[in-house]
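Letters A, B, C and D mark the chains in the order given here, with residues in each chain numbered from 1 onward.
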């Protein structure tokens, strides 16, 4: 266990896992994507999040992805790895392996298969055990759309006092709750927005950054929203965020990973295929996302 | 039908309906509450919203409440009345009666009993018919917690082009969606936050005000958040909003109308009882809300 | 308050409210439908249920519908009227009016607008107060699809001991729960299935009848399922019920009241239009339900 | 791929995975439990279902559990193994390993992490691919409480025509839907109830057996319900099923695996601990389940 001290304020793209046509991890392409993204002023990046298809990877594949990411990034850039597993013991093991492979923090999603049994007591026990055993700091990952469980402010505030839990990535988008968490943790807990769709309002309630699918394809724009907010240029910030919303909806709520990957392909990164049970993006979806990229004025990587 | 032109930017309390001990509407107390609230720089107020127990009132009672409110308010202050009913025809009739009784705009909630049939086509037809027939402008009222229906950005944007639909009160709190609606309606549609819990982030995405239960007991503080935001004092705004969050949670999500009324009693307004099936606030709830009022530094009305 | 004594074992159609082209109640057509249905060996019928569009009718219209039904039925046939309203007081008043107009029992749906406040305590208080004040026996009406609230076995078993609550109409279809309720109430409480889709399995766990939309268009077949079950002819019963399922799905889950009314039109009853916000059945829906009626071998009324 | 031909009519307990105090799989105890259960006239048993904590086991542990089960069972007794994984490729690999280890059929749960993307097309593709590649027949496993996805009748009927998909275990308990599936698949598809709570009504709509947590602690009673149904003794069957309901609720809906294991401990089988994030059964839960076992008249294994 560490004492939390990482400053995670900033923008992080949750990098998709690159697969070749045989659906094996393509480390070469993953590495190149990461090198390209690392040219931006990002605080770091995330591997093995929902957009990283973490549930569709084997244990060894996960370790290899973390290793590739770490080797492809500047040393001062932060690397978070998704380490959540259905069982407490697998999650703890995963945190250790992630640490060994070079991750700076572990993003731990709510276990959710036995939803009816995931009482407050069970969640406190789970996250507490994992954080106590993890060699790297833990970031709570609240993703109700996928897990069917929405971490309450109570639970988060309670876990925030653990010395090895440094923050929360929230993809639920309940801004009232985020504000409450920031308020009740007295600035001693770092809240990251989980979607560009509510990045600016999250800043308004005290979030200090975001882990944003959109930052894979529009990192400059995501960084710019933060800069504008910091300078107090709210109206400009709002306009920029608004311009990105239709595209963000398409690559997150509507399309998902396959559409995000098709957008990456279009912009000069490597997107490639997704693993089943996810389906490839349809022709119409690809056409639509390209059109939205153009509408939003996003430029390709070169 | 009117052409929308009302400027509804500002803060509105959704005033509870005052009942006496026999659970009849107490117009005297309602009037006094409204006179007290009208001393603040509010843009107007709302009667017959969810906090007004509108579903628990008869048609004639509703008309009388609107009349009392209108008579107790300054003439330039805006009065919105909840007019949503389960049927299209009753809603239209209700809008006419509200107009006759002095309401400036009608707050129309999503019909929800036949949830499975409330397709986009049905909702477009409903709101379109009501707006076309209503003698006063219509404000869409999205309240998924109570209705089980969450109006999509698509529907709202489509309805925004109706000449007699001037805005949206959103109590769902999906800020990404609100930002999208503001963006896609090009400033020609007025979005009001439905809870103080996300007032500041709603401002950040382009909302122009709020209809806030909390504005019944802390009108000055709610107004102050808006002023601070307008002056670009984001951090002060955030701190003020944060200070109010625990109290706001208690009077909205946790306690509901009965607790809001007990808070009003405590602060020198008339709260009084609620109608069944709502239960009166319990002793512990009353104690808790009083303690939160004190913690938040809210002062009583005098 | 009465002492419960009605034997409600049998099949009941929840009769739609007939409207003319101006969407006013058409008492003539309603009466004729009821006379036609009364030729079958039904235990009685229900007015002002979900298929009776009860939420879309005014108070006076409701009373008139009950009166017409009573006058059109044989005296020994039972008449249930939906009397649930959002408030306790309106529900009690509605029970009294229904009794005066000739109803034998009141079908009382869960109040649901303030879902978050409809705790066990609130529901016990609501149904208890209504039952104590009602001049006719009360039947609990559990309809989670429309109300968003699913009455628990605990609540139902607790309410079953009230002397004026005689049974439950359950449209949720959780057969394990129905079996538990039958078991825990020791045969002193009458459970009615709320859909032909699970009539036979409901009999298997101890239900004594059903209030079935399908009984409006296939009363003979619904009665036959009961007879076959009573004679122990399970396999024949199953085949008959199965034959009806696609049609039942179409007129309940998929199509709703408008499709049920179009089926009635096709079979020689009066269906007519629905009130908004419900939309009329589409051409494809009408074609489909007619085809399913033919596939199921349902014959028209003559 | 095989051609489906297994007759799976009958009762199957979904056997919990036995862990020792270090939370490692205890093959000795698992084997003894299986030998004890095999003395009853069961059609077979299931390992690695929800009660088998399959999501909390590693790949190698799963294979070892299947092997132990196969070795501990009579050769003619059927062994089903849960093989569902989040990805298509892992599920296919899991089916092959299960076949090698001695499983007769694979129970494949709906993949559910990317809920929003699990369209009908995605589910058809997933189950179709798995079934085509699996060396043993596939049984669809519908478990909406845990997955948040409820397989529709459409999907199931469509998949039923696949030569290597032989049936469905349904834990959702929508009996209308089960009846529809039986009807539309013309007896060429085997439906198994997923809970003793609706075993008898499932028989009434055409199910041919059940995979029942309760069959771990009351195998004789579960078998007796089937026998009584087959003899047409509906009332006796109903009474027996009803007697078991409170206990069944406690070990399924309320308590879950930890309570089921404590019941096994009480009755002379090995229950033992559960893996985190599941919590051990509390003292009150243990007391309660023992009392319900006594109330239901269940006798211990000897």
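Basically, contacts are C-beta pairs under 8 Å (C-beta built on N, C-alpha and C of every residue); 3 or more make two chains touch, one makes a residue touch a chain.
Quick caveat, the model's predicted, so the values are computed rather than measured.
Taking each chain's centre as the mean of its CA atoms, B is the chain most distant from chain D. Centre-to-centre separation of chain B and chain C, using mean CA positions: 35 Å.
Note: centroid distance chain A to chain C, computed from Cα atoms, is 49 Å. Multi-chain contact residues of chain D (touching two or more other chains) are absent. Taken together, the touching pairs link the chains into one ring where each has two partners.
Listed by label, the pairs of touching chains are A-B, A-D, B-C, C-D. Remark: chain D residues 23, 50, 55-58, 86-90, 111, 113-119, 121-123, 125-126, 129, 145-146, 148, 253, 256-257, 275-279 touch chain A in the complex. Interface of chain B with chain A (complex): residues 173-177, 179-180, 182-184, 195, 197-198, 200-206, 229, 232, 234, 237-238, 241-243, 245-246, 248-249.
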